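After this come two complexes, each holding chain A, first together with chain B and then together with chain C.
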Partner chain A sequence: MNRSSEWGWWGFGTLVVVFMTTPLILVVLFSFGESALTNFPMGGITGKWYDELFANREFWKAFRNSLTIAGVVVVVSTGIGTMAALTLARMRPTLSQPLLIALCLPVMMPPLVIAIALLVYYVRWVGVELSLFTVILGHLLVTQPFVILIVYARMATFNYELIDSARDLGANSWITFLTVTLPIIRSTVIGAALIALAVSLDEFLITFFTISGGNTLPTFVFGKIRTEMDPTINAIATILLVLTVSSTIIAMKVSRYRA
Partner chain B sequence: MRELIKSWKTVPSLAVLAGLFVAPLSLLFVVSFWSKKLFRVVPDFVFDGYQKALVSYWDVGLNTLAIAISTGIITTTIAFFFAFFIRFKAGRYGDILLFISLVTLFGGYLVKIYAWKSILGLEGILNTALIGLGIVSEPLGALLYNRGSVATALTHFLLPIAVLPIVASMRNIQDITLEAGRDLGAGPVRILLGVVLPQCRAGIIAAFAFSFLIAAGDYITPLFLGGTDGAMIGMFIASQFSIRFDWPLGSAMAFLTMFSCLTVVLIARLAIVRGRK
Partner chain C sequence: MVNDRGNQLNQKDSPLVRLRDLSKSFGRVEAVKSINLDIKSRDFLAILGPSGCGKTTLLRLIGGFAEPSNGTIEIGGNDVTRLGPERRPTNMVFQGYGLFPHMTVRENIAYGLKIQKVSQSEREQRVDDVIGLVRLEELADRGTGELSGGQQQRAALARAIVMRPQVLLLDEPLAALDLKLRQAMQEELRRIHNEIGGTFVFVTHDQGEALALSNRIAVMDEGNIVQEGGPEDIYASPESRFVSTFIGEANILSGRRQNSVVTLAAGLDLPSSSGPDGAVILVIRPEAVQILSDNSQVDVRTEGTIVDKVYLGAYVRFQIQLSSDEFITANVPTLNLSKEYFSGDRIAVGWAGKDHRILMDS
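Showing the complex of A and B:
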């Protein structure tokens, strides 16, 4: 009986893993398939969907926009998020806990609500022209909670005596941060930055409502799914998947080594 | 006080929160009481938006809650058993399984929806497979554009999010508690429901809250996979801002939806905590 229940558990676990991964694997598989339909038989192996995609100027524009947004977002979000997390970690819990929850509220809110609220705010109150800049602001809001949570969690096991010794030896707070704190938590900060990168690259709703003209990779994919089920979607989807999944994997590898 | 002065480093983050979250949401709340005159939205204090939302969209609202609640329950249930498998049964493979869930978490929101559209479509992968295996003779149209297809895609998207908090809360359960239960003669079902379940309530509540709230607020999944049957409120909220420009109505719908969702989460929390007795 014990043995059969073991088999049952493994069968269930395998099913769940298959359910989670198959749709993504199929997309990658079909991006290399000869057939124009996303279906079996997929025909021979080909790179023609990628060739077609790379010849599309709209794709390159979207790609460049995505990288511009993500680049700025990662730097700023990691910077301000790390600063906030380091400070929160040294506060009294009665003060830091409410602040931490407040800072993380944006990821618990439906992205659609944030998207329409930002749209109305930009257009009606601030009077700012919608552009990549307004998208970057929205992305900062939804990426900084991840940075703050990851760095804050790391600081729970941080040895603060090291900072005190540095200060006793005469280093000011900047020197202490650059030569003591940052080298110790570097891998965590890199991990947090990569998670912010993955979130920004994959963000759709806030981008869609606050970009006005132009595309990022996700809004480009959205336009394609909406108009035609064109096989180059598989190729873009694969590129997007490789970008977000590889940054997640590297993030976890990097931060696990020290954790 | 000294602590507050030293905490200037949290100011940039808090400024982002205040300027890009608190202020916009407050404005949206104010706008929900404005009125729409012909093609213009003007400041006012009326309940037109709320009235219109309740009269014209109550059925979509209920459909949204039905889809989101069933998605939340299915996702949380699968996540609970999967988390149990990862923590207690999978041994050294547990970490790899957790790693796979984490990787799929950040892998392409739109990509997943697109993948389900290709799998479930009339000429999709599942239909071709079923015909190929001789199980059906004609493609099943019922696979796509209904509540089921929306719930399936949402469950797929939300499963990793639900697994994480439950695994985290199971970390605190010692193996020895399970052995004690077994020694005292409890069967596997009794151990699962009587020993493990009560100790990871916090994780289960978080998993349900996350998956339910995200499902209720989603609009791209029903837009591409829902048809008329699987229509959800997010689609109609979005269209008030993108095509119809009835901001008061859209904002009122958004706040009514958030309010109903919070009520559901509080009831679910109460039910799970009460289950202790």
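Showing the complex of A and C:
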């Protein structure tokens, strides 16, 4: 590649990065700005939007709901997803491939379709009350495939002689899982859990359709946008950004180093 | 190794391991076909055969890692056919060693004893003992990733023998090592077998290794055990063309037997050979073939032309073409050569009748 085209690629890459990160930077910036208009000039630096947000009881309710949902979703989807991936990885490909596709169908479908389908299913067919529980089920539907795919991919390079060795030395399959399989794939499992966390924390559509009363952080923001568009939503967005980005970064770090 | 459970073996000569009609199919592939085999206590048995003949599958059946399609496995008088590996008195050294990467050498070796809930003091004692036995004292607290191939091999061996199995199974234990290390490990394995006096079953495709290490060899071909016996028996008395060429080098000459007389294509008759009429082969080892001076007396004698000659120090290797256009190889000790021979020379070759074997050609 010659000099000028190399510069061209650099320039193009920089532009893409700037285009994608500018909105994020602006959100963070305005969350600390004096101006109430989300506009330049933003005035001096202040923490007042955060103060205002933290004084809002609705915010704390939404925050607690988000954490509750995410907590349950992470534990359940990581547990079940890991078990499913380990089982799939030991199957013949002719069996595991169709199963894998079926299990991962939810991530290939538009979230809006899933949201509507779930709503109809819950209300018309099962007749359950919409609640955090129904939201959790919906989140599981979209986080589960990530966990399964990530752990399944890890198992492609897993040395099954290690499992045979553990069995040979007297471990039953549960002890083998706890003392050999899990410690070895631990970083991958943590990575998958953190990705499930990030997905659940900022999931909007399914939550919005299946929560009935109450809010999570994303639906709280949405409500605010419709009523009063004040800079506290920048503060929420910044908090969500920090949560999801940091969990994703930890996920990538952890799974890069040992896997 | 047997001291713990030796009392189960009080009937002296009954085999420790008994395989009866053992078979294993993977879909349409019959990896192991109806094998019967007895392994005696303290045997160092080699399962020898070419790649893909079913050796690993047979070993995994004995260890409990695969369920047989048919047949039974008895160890120490108990039927273990349906038991998983964690419940068999066997331990295995895997082809890839299977060392746990998240544990040190010492933790690897202690793993099985921990699961058996052996007390800490006994555990430490036994682990230290085997670490000494395989000479890994200096590396005991390293991670397994820091070990060379030979050291990993010894760690895997230690991890298995610390369990004092009634039968130690080894899958191609030396195949991944380079030649020098392989020879050193052969000695090491022999020494360890002598010191702990256990029963070892190892799989190999290397006939030299089988001859060097074992006191019994079971030769496998296409899922069957085609011959079993001591190394000398197998080398001296192969029962088939396959065994004769797979273990050591052999010349094969074709012929026919009729009314107890074998007529070779190379144009000589061998009388008083008992057996059914039909196509036969004569098997003769290259080191048994002599180049004859005119007056020498041997049981079998024919003529040929030297087509190739390679000087190999201790002996000279001749390729000789017989009248049947078959070739025969003779490895003649350099000291026995009374004169110099050249390619193209016509010579007489022969051997003692006790040195060849006549087998039905299958």
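Things to note:
The criterion applied here is as follows: the second predicted complex is superposed on the first by the 258 of 259 C-alpha atoms of A that agree within 3 Å, B and C clash if a C-alpha of one lies under 4 Å from a C-alpha of the other, contacts with A are read in each partner's own complex, and residues count from 1 in each chain.
By definition in this document, contacts are C-beta pairs under 8 Å (C-beta built on N, C-alpha and C of every residue); 3 or more make two chains touch, one makes a residue touch a chain.
On a predicted model such as this, the values are computed, not experimentally measured, just so you know.
Partners chain B and chain C, brought together by superposition on chain A, fit side by side with no clash. Of the two partner chains, chain B is the only one that A:110 touches; chain C does not reach it.
In the superposed model, the angle subtended at the C-alpha centre of chain A by the C-alpha centres of chain B and chain C comes to 100 degrees, rounded to the nearest 10.
Judged by the touch definition given at the top, the superposed model places A:74 against neither chain B nor chain C. Of the two partner chains placed around the shared chain by superposition, neither chain B nor chain C is touched by A:89. Of the two partner chains placed by superposition, only chain C is touched by A:164; chain B is not.
By the document's definition of touching, of the two partners only chain B reaches A:30; chain C does not.
With both complexes placed on chain A, chain A has more residues touched by B than by the other of chain B and chain C. In the superposition on chain A, A:155 makes contact with neither chain B nor chain C. Looking at the shared chain after the overlay, A:184 reaches chain C, while chain B stays out of its contact range.
When the shared chain is aligned, chain C comes close enough to touch A:175, but chain B does not. When the two complexes are overlaid on their common chain A, residue A:118 makes contact with chain B while staying clear of chain C.
Closest CA pair between chain B and chain C after superposition: 11 Å apart. For chain A in complex with chain C, the touching residues are 159, 161-162, 164-172, 175, 179-180, 183-184. By the touch criterion given at the top, residues 5-6, 9-10, 12-13, 16-17, 19-21, 23-24, 26-27, 30, 37-40, 79-81, 83-84, 86-88, 91-92, 95, 99, 102-103, 105-106, 108-114, 116-121, 124-125, 137-138, 140-141, 144, 148, 195, 198-199, 202, 204-205, 209, 218, 221-222, 225-226, 229, 233, 237, 240-241, 244-245, 247-249, 252 of chain A touch chain B in their complex. Chain B contributes residues 3, 6-7, 9-10, 12-14, 16-17, 20-21, 23-25, 27-28, 31, 78, 81-82, 85-86, 89-90, 97, 99-119, 123-125, 128-129, 132, 156, 159-160, 188, 210, 213-214, 216-220, 224, 234, 237-238, 241-242, 247, 250-251, 254, 258 to its touches with chain A in the complex.
Considering their complex, residues 63-65, 84-86, 90-92, 94-102, 111-112, 115-116, 159-160, 163 of chain C touch chain A.
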